[in-house]
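Shared between the two complexes below is chain A, which pairs with chain B and chain C, respectively.
And now, the complex of A and B:
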């Protein structure tokens, strides 16, 4: 599949939004509240957050909301009546970064693993990713250490790169991307001069992934290492909740005499009760065990079982962590240990 | 800063404590908690305006406790949390050595609860004019406006429990939010679940919270929790007198009865 290159003028954004919406697309884009950014349904491009290097919350809520109904039901006498599931609206996620676009494949790997999750799939199939590459990076970013990059096209349907003029170099990557262009073809104009690389941030590789993956299984039984790394961890769920690749969930049933709903809610392996068994036994009763699991899950178990890393190097976890755990630092320590 | 490092080194060298819990350099311009166990590592300790986290949250973390008797670098809020933890029997006298840091940055070695309480007695604990003004703004809203305001703020809540994890006084090994037999609070981050979580946490903190701000700083979506914690402090002071975290003998305002308690609401 060849990538077509077009120019999208900066002042075309309002019209692009309007035309996509006119053709029935719901647009999720970065929006700022109380100084934090997340992806929300926006009615105009004027509401899109400006000047964000990376959003606080990830776009995973487009296909994996923080609280979603798996099914609803009402009781009719002795019968249970299931409610019709609403069709997901066709959605465009706008303004996500290349690391975020790559994370959708990670989510999909889990939701296709032993059981194809119909609810997730139905949303994923209706979701197009219109990403914007990175002109800036900070010390928390490490996409290039995990196989990504500030202008990487993996996972995006269209990738926009802002050029000096303010206009975007638009790469139309997939059939879904081409479909989107067809909804507003006059806005995608003749290709600009090639060479998007000069508009991208420099993100140096910060650790050797291969070395890390070789060392990880060897340090599983190093209780001192895990204790040292996790002493300041508070055991909150912030890292898992802002992570675009974290997908653990909790099922909650809420019902009364009239009927009820089964909800799927975000969960975190950092919580102390995450692995509490009904017997009362907890195989990860210590924070150090939970920290070890977080690291190994993303960098060892995921590649082993799902042939994909569980991390895209977006850095959100480290930016938001109230205890400044800084995952990247810990990864480097392990990769560089003799 | 040098004085702090010297003190830490000296405490560790003479075996007065097994670990010094303080601030060290973190990512970007941040600071983070460090757990210094060797005298030669005392140079890790720093003290500047970025050192805002109330480190007393670590005093009840199980794996931190395994390190042995700690010295803890504590600003006024950290000291008050320490005293409140003692009032709630989470710390025994003499189990923690406090290195108090005054608002001007002056250090004071406080070896026991009596010393901490005496030190705290020299300060006034009132909201600043700016903090009072913020509460005032909410109080002048009608009930409808206030409901709308909080529904908007709480709509962002993810139920990540960073507020709980960061709080020095949320030390319950089994938080009631984790119970599902019975399910006291909906786990889900919908309107009811979010409201109930924050209401329960506020009620469990009333009379105990000293307003350190750890919760607000930890919140990934910027919910203005200090409005709640400051309001709680003012209400308790108004209705019961006294502020938490100043005496290890202080009784829990909502759990103790006094002859002078108001009965104007009883039929």
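And now, the complex of A and C:
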């Protein structure tokens, strides 16, 4: 299917949101709070953050919430009644970046292989991605090194590119994107010949992915390398929580005397508890082993098992790290090692 | 939702609780929904997620044999939050079960073979499933030998079955306890499992060895098996790693790129030799 090009006036966004909401769409849009930007449900008076390079938290919570009820149960004497979750509402995620849009395929690869996860699928199928390409990038960005780009259309249903004129160039990429346009057709105008490239950020390729992937399996047994790279790691897991492609999760119960809920919550392979056996034995007892797992999972195991990288190069993990660990630098070190 | 919710467990009623050893119990579980019970199938080696509503889930093997229909058994030691809650349950109480998950011991490829079971302590339950499966199809296999050891007599699980197996003419059962773990009336061997195995010196020809036990027992038993001539592809074990989903998604049980919950828990030594030491 070819990509349709339209023009969307920037000041018609509030009307677009109102019309989508009127048609029953929940809108998740960037919202700034105390210096952090994350995706929140847009209320009628809600402000959409404008000047963010990258949101602090990724939009993965639209389909994989930080904490999610898998089912509920109630206690009735000795009996237990289990109850399915209600169907998710149709959702539009607005203002995510092309790297974020690409990450949904990574999440889908995990949740769909072998046993299809219906809870995830039901949300993904009802989620449309209305992304905005990047006019700026910073030193942490490396989308172009992992197959993406500041104007990459993969994963998005509609990709907007801000033109100098204050208009967006709208690329309508998928059927789901065309459905969105149909909900507010008068706002999407015919566009002259596009030229979005000149409005995009420059993100140079920073390492050779092929080289990195050839070297990774060979450096598994290099304790010194992993120790040096992870010496400053606090094991706080912030990198995994901001990552748009980290999928590892925990299952926990929350209950009182009447009943409770079984929850799926984000987890991180950086936590020592992640692999701790009941016996006290821990197969990855060192932080360096956990750092190695994080890197190899994303760049070696993911491609081997699910034919996708587990990283989209958004740079969030390095921006958030309180100990200033830089994933990009560590990847470069491995890729460039002789 | 048209597809089933993967995380929704079967409701199981506790039919029987058998104390096995200090802090170790076996639960016999029946499906609350008869239809679910009739449709439920599993094979030797598979595991499940057992849950106490309000506390969470725990991973154990299915310790009963697939040849015994209509119920499941699990044997566990009380060590954490969920296992403590499970241990406090009474007959008639409801718990959750998700499964069966994971791969299986390829019993159907083992017709005409000798089976040598080597287990230590609380690791007999995964092999007990295979043992009863093989005993229920006894004429499909040649010699069946079981070597089972524990730290002390009190720590031996399934004592009533050990007695039964010991009386059967078609099984060779050797039980042992670590030196100092014997009681005055102990009639079995005294010694560590690898030492007793060396003395027993079973023939490796046409024989499969199934080894399950604490890491130190496995570590010291494998060289003895190698010395006796067992090839790595004829030595089987089950791995356990911390697990949450059992579905190859949550990431907890990964050993390199291998999911213990999907690609295992049953592995041959030949396969383990290619895995990084993350289990």
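The working rule: the second predicted complex is superposed on the first by the 331 of 338 C-alpha atoms of A that agree within 3 Å, B and C clash if a C-alpha of one lies under 4 Å from a C-alpha of the other, contacts with A are read in each partner's own complex, and residues count from 1 in each chain.
Please note the rule applied: contacts are C-beta pairs under 8 Å (C-beta built on N, C-alpha and C of every residue); 3 or more make two chains touch, one makes a residue touch a chain.
Because the structure is predicted, anything quoted here is derived from the model rather than measured.
Participant: Check the residue A:236 against both partner chains and state whether it touches chain B (first), chain C (second), both, or neither.
Facilitator: first
Participant: Answer with first, second, both or neither: which of chain B and chain C does A:269 touch in the superposed model?
Facilitator: After superposing on A, A:269 lies in contact with chain C but is clear of chain B.
Participant: Should A:305 be classified as contacting the first partner (chain B), the second (chain C), both, or neither?
Facilitator: second
Participant: In the superposed arrangement, does A:52 touch chain B (first), chain C (second), both or neither?
Facilitator: Neither partner.
Participant: Could you tell me if A:227 is touching chain B, chain C, both of them or neither one (first, second, both, neither)?
Facilitator: First partner only, chain B.
Participant: Once chain A of both complexes is superposed, is A:87 in touch with chain B (first), chain C (second), both, or neither?
Facilitator: Once the two structures are laid over each other on A, A:87 reaches chain C alone.
Participant: Quick one: is A:75 in contact with chain B, with chain C, with both, or with neither? Answer first, second, both or neither.
Facilitator: second
Participant: Using the superposition on A, tell me which residues of chain A are in contact with chain B and, in the other complex, with chain C.
Facilitator: 250, 252
Participant: Which of the residues in chain B come into contact with chain A in the complex?
Facilitator: 26-28, 30-35, 53, 57-58, 61-64, 153, 156, 158-162, 164-166, 173-174, 178, 186-190, 193, 214, 217-218, 220-224
Participant: Give every residue of chain A touching chain C within the complex, in rising order.
Facilitator: It is residues 70-71, 73, 75, 78-80, 82, 84-85, 87, 110-111, 113-119, 121-122, 220-221, 247-253, 255, 260, 262, 264, 267, 269, 274-279, 281, 283-284, 289, 293, 296-297, 300-301, 304-305 of chain A that touch chain C.
Participant: For a test of understanding, state which residues of chain A touch chain B in their complex under the given definition.
Facilitator: My answer: residues 33-36, 38, 56-57, 66-67, 138-140, 227, 230-232, 234-238, 240-242, 250, 252, 254, 263, 265-266, 268, 271-273, 286-288, 318, 320, 322-324, 326, 329.
Participant: Flag every residue of chain C that touches chain A in the complex, lowest number first.
Facilitator: The touching residues are 1-9, 11, 51-57, 77, 79-80, 83, 92-94, 214-215, 240-242, 244-245, 247-252, 254-257, 262, 276-279.
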